Structures are given as C-alpha cells and as structure tokens.
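Paired with chain B in one complex and with chain C in the other, chain A is shared by the two complexes that follow.
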Partner chain A sequence: MGKRVLITDDTAFMRMTLRRLLESNGYEVVGEAEDGLDAINKYQELRPDVVTMDITMPKLDGISAIREILRIDPGARIIVCSAMGQKPMVIEALQAGARDFLVKPFQPQRVLEALEKASS
Partner chain B sequence: MTSGVEMTDARSLFVDEAREYLQLISDSLLRLEEEPDRADSLNELFRAMHSLKGMAATMGYGRTVELAHASESLLDRLRSGGLEAASRRSAVDALFEAAGALEQLIEAIASDGGEPPAQATGWVTPLVERLEALRGGAGDGAGPAAGDAPDGHPNGGSKRNPTKANSVKANPAPWTVSVRLAQDTPLKGVRAYTVLRVLEGLGELIRCIPSRDELEEEAFDDRFQVVLHSGEGAEAIRRAVLAVTDVVEAEVGPGEQGATPGSPAEENGSAGSATQENGQLSSFAVQKQHTVRVETARLDALVDLIGELVITQNNLKDVVDSRRRGGRSGGVLSPGAGRGAPGVREPNRPEAVRALGEAPREAEEAPQAAEEALHALAEGPLRRLERISSELQETVMKLRMVPLQQVFSRFPRVVRDLAHATGKRLRLLIEGEQTELDRTIVNQLGDPLLHLLRNAVDHGIEPPEERLRLGKPEVGQIRLSARTEGNQVTLELEDDGRGIDPERIRQKLLASGRFPAEEVRRMDRERLIQFVFEPGFSTADRVTETSGRGVGVDAARAAIEAVGGRLSLHTEVGKGTVVHIRLPLTLAILRALLVRAEGETYALPLEAVRSIEQLRAERVESLQGHPVMRYRGRVIPIRPLVRTLEGLPPGALPVEELRGALAVVVESGRMRAAIAVDEVLGQQEVVIKSLGRLLGDLPGLMGATILGSGRVALIVDAGFMAG
Partner chain C sequence: MEGELSALQEDALRELGNIGAGNATTALSQLLGDQRIRMVSPAVRVVALSELTDRYGPPESLVTGICVGIRQGLAGHLVLLLDTPSAQQLAEALLEMTGVAAKHGGRAAPAGALSSPEAAPGAAPGLDSPPWPAPDAPPPERGPSDLRLSALLELGNIAVSAYLNALAALTGLVLVPSVPWLAQDMLAAVLNSLLAEIGLSDDAVLVIETEFAGERFAIGGRILLIPARGQLKRLLEAVGLGGAQ
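Let's look at the complex of A and B:
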C-alpha cells in the first residue's frame, strides 16, 4: 500500500512517464534521480522501497549504481530499466543484484507487475 | 490506490480485461463441463484465473484476489487429476459460482470505482471456503504467499520461506519445472536467465531443456524445462517461478522426465498433466488480435464529422447542379441557389417552382458561357468528392460495427444456469454470432434478448418428464440465430417448447374483466396473441425466480424498437415459439421518406413505410369519431402527422379535411396507421442527429437531421405513430 519509489533516468520524459504511471496506481514516487551518483545519494537520503534504474546515464551508469546501492543496503530492491538490445548489460545488472528488469518502451502492465513483485 | 470518480485509465483497462478473462473462464467452464477431461480447457481456465488474480492484485482488489486465488488453487488440483468424478463435478459447479461472483465484483468495480466494502462482500468468504474445501487442501490460506501444498512428493518438505537462497534440504529430490513465458516477453533470454537464477536459489540445477546457452540466446519459443534437485515442495517451487515477471505458467512435477526412468515420480503417478510428456506440452493458441482500442466517444465524433461532410457536399452539389440546370431549362430549378440555401435532392418541391421568381438573380446577370465553363470544371472534382466521402462514410460505419458475439457469448452460461435452476434439460444453439451490427444497437440488445431467452426457458420449454410424455425429445432446444439481409440484420429466437396458448390468454382476459366478455369471446387468435406485448400481461401461472414478474415481452419489444428494430412473435401450441427481430445495421444513417406537413419537412424511417395512399373520399370513414381507412382488409386509424406529434386527439379533426390528402401507411410490430401528410417529397439517406439536451426525449421523435438546404427535419418515430 503506497510503496515508496525512487525513479532513476537521465531523461525527464521517462521520469515523468513512470511517475504518472506509478502515482496513478497507488505508488508514492519519493524522488527522481538523473544519474547514477544522484541515485546513490537520493537512495541514502530517502530509503525508498523500490528503485527503478536506467542503465545508460551520465556521470555514473546504472550498473555501477546498483552495485554501490547494494553495498550500502544489501536489502535494496532495484529494478533495472533498459532499452532493447542491451541484453548483456541487463544480465550484468541482474548479476549485480537487480531484482527484476523492464524493457523500454514500457508496457504499463509489466511495469506494475514488476513493481508489485519487487516491493512485496 | 486508484481513486476519483471518473474511471481512471488503469481501472478501465483492468475492467475491460477482467471482463474478457471472465468470458474466457465462463467459456472454458462450459467446455469443461461437457468434456471433463479436457486438459486444454483446464489449462486455459487456470491461466485466465491466474491472470485475473494478478491484475486484481495490481489494483489492490483484495476480495477479487481472494476468490481468484481459491479458484486457481482448485483448478490446479483438478489439473493434477487428484479428484474423483463426483468431486470434480461439484468443483466445476463451485467454479461456476466463483465466476459469477467474480463478475459481480468486477461490475461493482466498474460502476462504483472500487470493490464493495468488506461488509457488503461477506458472501465471498463462504464461497472461498467451499472452494478450498473442495480442493481438499484445508489450511492453505487465500494469501498467495501461503506455505507449501502437500503435492505428494515423496520427499516434499513443508518448509516455509521458499525463496531464501540455498536452503537446500537434507533430502533433495528431483523436480521437473516447466515454464512458459508470456508470448511477447521482451528480452526473453534474460527472462529465462532470471528464472534459472530463482531456481538456483532453491536447489541445484541439473539441466535445462533447451540448454542454458540456447535459452540465453533466445533459441526457444516460449517454453522451457528445468530439472532441479531441491528439498522444497512442488508448490513452493511453482510459486517462486510464477513470481518472476512474464512467467505465465509454471508447473512442477516430481522426477526427471525423460531423464531418469524409475524415479519416485513414476510410481507416484501424480505428475501434472502438462509435464507428463516431455517436450509434448499441449500448445495453446494464444490469439493475438491486431487491434487498437479506441474510445467510443472519438468514434462517435468521427461519425458526426462525416455527417457534416456529407451535408456540406450535398450543399455544394446542389449549387453546381442547380446552376447547370439553371443555365438551360430552369424547369426544376432548386430554390435559392444564390442565397446560400440551396434545395436538396427533394424531387418536385412545389415551392421550388414558387421560389423561381426570387431565384438566383446574380446567375442571370453573370455571363452565361463563363458560368457554364466554371460548373463543368467543378463537376469532375465534385463527383470524386462524392465517391470519396461515400467510401469514407462506409468505412467509418464499419468501424462502429461489432459482432453480435459480444452479446451472445454470455447466453450459454445463462441458459446453463437457468436449466439448473428450473430442472429442465435444454440445448442452446447459436448461429451467426459473427454477424456485425452497429455498436450502439448491439449494446442495447443484451437485456431484451436475455429476457426473451429467460421466457423461452421458463415458460416455453417443458420439464423433461412432460416432454417425454408428449413424445418430444427430452432435451429442449433453443436456437438463436442472426443473419444479415441487405441493410438489416434478422435475429430469430426459436424454442421447441409449449408455445403460447391463445385460449389461456382469453381466459385471463375474461378473468380480468378489462373487456366485455362478448368482445373477448370474439377475439381471434392473432388479436389474443398481441396481448403478450402488453405491459404486465403474463400467462405464467406462477412467478418463478427467473421471469414472469410482469416485465414481459412488451419490455423486450420496446427496447428493440428503441434502436429502430422490429419484433414479432409467432407461436404454435405444443410446437414452440419463434421471436423474429429485425434490426437496422446502423443507427447513424437512416433511409427516410421525406414528407411535408403544415409547412415543415419530416423524415419517416423508410423501413416502417408500407405504402403511400391517396385518401380518396370513399376510403375515409369515421369510427366512433376517429378517422379511419380501409387498408388491405383491415381498418386502420388515420393520424394527421403534426397533430399526433403535438399529442392532440385526431378525433377533433373533421374527416372531410383529410379527404384528398396523402397518407403514408406505417407499420410497427403488428400495428399499422396511416399518417396524413400534405406532400411526399421523396427518399433520402439522412444522418441522424440527437435532438440534444434542449429538446430531450420528445415522444414520437427519433431525432433530427439536417437537409442539404441546411434546414432541420425532425425524424418521426414510426412506432409512436402506429402504436
């Protein structure tokens, strides 16, 4: 009920799309991060229930951010978001400890399913 | 959670899909009831129930989840073949009930914006308990995260926390896990990898079919199998796998199918059906429709716009035509071409001739040769415009068409339930369910058809003993058929039951004292049968649960006529009853007869028009102060159009005034009337516009249309005039 989510993506549009989808389905989006470093900082500050993590981002990529967040909090629940054709990176992210993955363009049902599973 | 009064996108999507799943569930249950051993029905049911549960869980509809989960668990039990025939039957009955209950919940969500409060859904709990009892797995709560089920594995532990990594038990046993991913799973290689990781957390992977490399290279369609040594129970493994996104199906059977013969599973023999033949998993045709969901309001807006386009084009055409003609003959010149209010293709309008004097003055002043050249130029493009817009119109009309299946599909279930409730045996045959009709009409058909169907089961079909005694087949038959005939659709609902006995209607009428006994005794069969269309008239001896509460055939007929259809009924004592329903293909466009009365143009649905008659003096008579005329052996009332619409009694009009006028004979149901008008202008396709809130529902009018002249013509409801 009202799980707290941190959205990480370098494009404002993707952040907004996810925010709308999640908020209209009962999630609380507690923060938005624009890159991996931002995500790590905001994670420590906000301690969300779930993080969505884009892979390709400036400053620090998603995979490194996943590793770092899990080092800080081994119980962190992170869903990696990738575009088509990033298969090796998705596997790397899962090996790094991501709970699930989503492929862009997002299908709302899948996003919600992944969020629900990751946060329960 | 979703909130707000208006339907949010997510909720409307949920409701739409939930309805589709419920339909699927209902269909599969019916199939399952007929052929209890069909694995595909069971699997389909299971999948649909599972998806419904997942969706409801996403939306946070707890009661729906609870019910779907209990149903799913029972289905799983059915699928594993662990129930005796008798229990299977009660299981299917309970599942039917669960489907009905889920439907109630979903409809409540659709109309109220959420699940009803807990105190209003207390009835769910006993049903859930029944489903659980039937499953025989008492103790497994409704919570999807509940513990292991005793799946009969020899070494199956009953450990909690199945997802904790590396919790391999002292006695790990082989399991074969069959997984199916959603058909459109993105990066399915990675998804398979995710599943393998989850399984690795539960035990030791022995092998994968296809191989791990092939899986990661996406060299599989949507299924794969994994042999796993694990101390976890089958249900725990299954749940862990199902928890992975995009996994739509997971089955766990003991042993290593196709690997180690003689494993404990073989003697046990309780493996899930789908895992029994390795690699021979029954394939489901997952139908993927190439469709787009469009809000119906947008479609309606499109139809409206095309209506406007057609009107404007008619406008333009009139200008061009009249100018061309104007250049030469001028005899049938349409009025006012130069005033921007040209006439329509309304033949022989006398005021057109009258208006000739004030007709296009500029046209006469312009150099005639240049005029004609200009119009010759305009004509080609105009014809093309006409062709394109008529194709456009047709295409958009098709967009509004939906198959009758949408309505018919719920009937098998209804008939089944009715048969159970009444102890009758019957078969429902449905033909032509692919026949397409305007969405608006299809949406309005459900209730009247349902009512007629109930009538047929309740009053038509006799109980089995009676049928046998009468020498009829024990199983009654109801046939519902649909077919397209020209620009109409004909529906027939036929039963082979007892029919309607006109004598019983006569008795009933005599008992009611509504008419003088003498009159009732004289009434012929046809006349008597007409009384079934009267509100509240029922020949049923007793009020049953399903029908006969006074909402009669009359309500069904009114509903059919409201969408421009006609309903008639033919019945034969001892043989059965046929209800004929004729419906227009579309509501948006109507073929109309344009008439003129008291200076205004009106449109009458051509469908209802039987003939046009001259009211010659010798044909018009007065019957008890009402004007009537003889028409094909019957006496029918004459109703002056405008007066009748205004609600004035026709009797006030001297019969003499009608003599010499024109009468359009219309028919609705079995009622006929002659509508007196001043003039008949001709036929035309008109675009029906709603009268709008301002005028609301005026009795006697179906709507309005805009003529080529820009003038508004009211469309008269033939049912009102004839009735």
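Let's look at the complex of A and C:
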C-alpha cells in the first residue's frame, strides 16, 4: 500500500492535479481539504502519512494550519505547495514545521521527490 | 462574451490567477528586499464594461497601470494596477535600493505629481486622450521624474513577466509578451484606454483578478489577466479542461 496523503488546496483544480499525479505514482490520496480549518479536521480524522498544504486559502491560511496540526501531532509531515515563493513566507513555513516548500507551478518530479523524502 | 463556465473550469482559472499573481508578488517582494506581500484569494469575474471602472475605485482616482499584451501563445492582456501612493512608494523604494534616489533629490514627488511622459505637467489627460504611449513611440527624454516612471515600468514588467512565466509553465503554452506600457491617469481613463487597446466589442469582459497588499510596506494593488475573446477555450484546453463552454 502506498503512503497516505491528505491534499490541501482551496481550488478543486489543483487538488485534482495533485491527486492525479500522486495516484499515478503509487500514493493513496485519503482526503482533500479546501482550507486550513478543513485540513486540521481531516488530519485528525484521517491521520495521513503526509499532508500537502497551500498557503493562501480562505477561513484559515496554510501556515496557521501547519502550526495547529503540529500542535496536535508533532510528528506530522507537511509539505507546502504554494505560489507564494517569497523568502519571508518560505522561512515562516519552514519555521512553523513544514518539511519542504514547493513553489507553483511545480515540476511533477519535484513534488514526488519531496513526498518521498518527507514520508520516508 | 464567453459561454458559461463549469465550476471546475472557473476554479481552474482562479488557480491560474493564484499561481500567476503568487509568482508576480514573489518577484515584487524580492525587488523590495524581501518585503512581505499578502495576496487575497483570486477571483474570476465576468464584468460589464460599464461597471469595470467602478469596480476598482472612484473613476477619478489617480492610478498607475502597467500593461503587457500577450502576443503569442494566447491573446490577452495582463495589467498591474496600483493606487498612486503605492506607485510612489514602490518607485521610491526601488530607486533608493539602487542608489538612484539620492542623486535625484531623495524622496518621490507628492501625490498627483507623477505624470505620464506624454502628459502636460500637472494636467492629467482627459478620457479622450489615451494615456498609453504608442508601443512604437520613441523613448522620451529621461528626467528625474521619468526615472521614477522608468523604475515603475521595470517593476511592473518584472511582476507581469513573472505572472506570464508561471502561466506558461502551467499551461505548456509559449507566451510572448509585448513591450510593457505604463499609464498614470484617472482610473476611468486608464481602464478605458486599456479596453480600447484590447478592442473589446462585447458588453462584458472576463477578468481573473488578484488583490495584494504589503504587510509592513503600505502598498496595495491588483493584477488583472484579461483573456481576449475566444481565448478562454485555449487556456482551459491547455490545462486539460477544454469543452463544455
């Protein structure tokens, strides 16, 4: 069985894109969250091996969600997938506990490498 | 105007706006010495032309618009729209960072003093006089205030190019921009000129818009992607969501 992944992004299009990429490469997408709050709830419910996390989202942004998920489970593995590649945001996300930071538009290979690294 | 969009198609367009503007604000942030810039979730709107100016502020408010046409790969326009205080702050910051400001008298001019190189000093052109310089016009002589305009033009060019590069990478389309233009005028004049340049004859236009704001740096603005008529299908097909339009 492949590693279990929770995808977090406010656009269904990006969730679909990531799902296709991950499922065709042996990962099991156990859930999709459409904002930071949804990600926290689904993380508690599904306990995935890895979470992909967007930053700019309604209700609760990705960095706040990372902090909360890691408060619930300090061992959580979270990778940021965001279009916001600004240095202060990358630093903040990594300081919050993200394992990696991928800037959209990303290369599929780079996503798979980051997931492999985070979930191993 | 374009046909109805499915929820997934509209969603995909919002994500294109998000990624494009995310890369554009990342470029702006780097230009400003890694100042943090927040983005509001993007929106896809079909806006009646008559409502377009009201949407972005009072028609008489002074704004700076930096625009590129997409000349190859996909027809359309990308616009960076800044309010005047933001444009002044950005120009000043950029000139200070490059050490040019000190040579030309320090701080930027007060509100309203920035003008298009073609405009008469102190007088914004009316709605009938296009604020966009002709793309093939010879470059004007450069004075200190022209340097600020030039800095803004470069900043806008970098931001919209970052947007375009991200859009190209995401869609697999080779997108070639035109020479960028800068216009400083009343909002209504800038938008009317842009619409004339786009050559829209429909009563509504589809706009993918993203708003951004500096956190410690008081800047704010919008980036608009306006695909030309009939181009939406091409854009959606490029991300695997063609048909059903």
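We adopt the following convention: the second predicted complex is superposed on the first by the 117 of 120 C-alpha atoms of A that agree within 3 Å, B and C clash if a C-alpha of one lies under 4 Å from a C-alpha of the other, contacts with A are read in each partner's own complex, and residues count from 1 in each chain.
We adopt the following convention: contacts are C-beta pairs under 8 Å (C-beta built on N, C-alpha and C of every residue); 3 or more make two chains touch, one makes a residue touch a chain.
Just so it is clear, the structure is predicted and the values come from calculations on it, not from any experiment.
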When chain B and chain C are modelled together on chain A, clash or fit: fit
Vertex chain A; arms to chain B and chain C (CA centroids, nearest 10 degrees): 80
Partner chain(s) touched by A:Lys87 [first = chain B, second = chain C, both, neither]: both
Partner chain in contact with A:Val103 - chain B first, chain C second, else both or neither: both
Partner chain(s) touched by A:Thr56 [first = chain B, second = chain C, both, neither]: second
Touching partner for A:Ala65 - first (chain B), second (chain C), both, neither: neither
Touched partner set for A:Phe13, first chain B, second chain C, both or neither: second
Which superposed partner A:Asn25 touches (first chain B, second chain C, both, neither): first
Partner chain in contact with A:Glu116 - chain B first, chain C second, else both or neither: first
Overlay on shared chain A, then closest C-alpha pair between chain B and chain C (Å): 8
Chain C-contacting residues of chain A that also contact chain B: 82, 84, 87, 103
Interfacial residue positions of chain A with respect to chain B in the complex: 1, 24-26, 82, 84, 87, 90-91, 94, 100-101, 103, 108-110, 112-114, 116-117, 120
Chain A to chain C touching residues, read off their complex: 10-14, 16, 56-58, 82-89, 103-105
Partner chain A, residues of chain C touching it in the complex: 7-8, 11-12, 14-15, 18-23, 25-26, 29-30, 34-37, 39-41, 166, 169-170, 239, 241
Contact footprint of chain A on chain B as seen in their complex: 1-2, 8-10, 13, 54-55, 57-60, 145, 186-187, 189-190, 193-194, 197, 216, 243-246
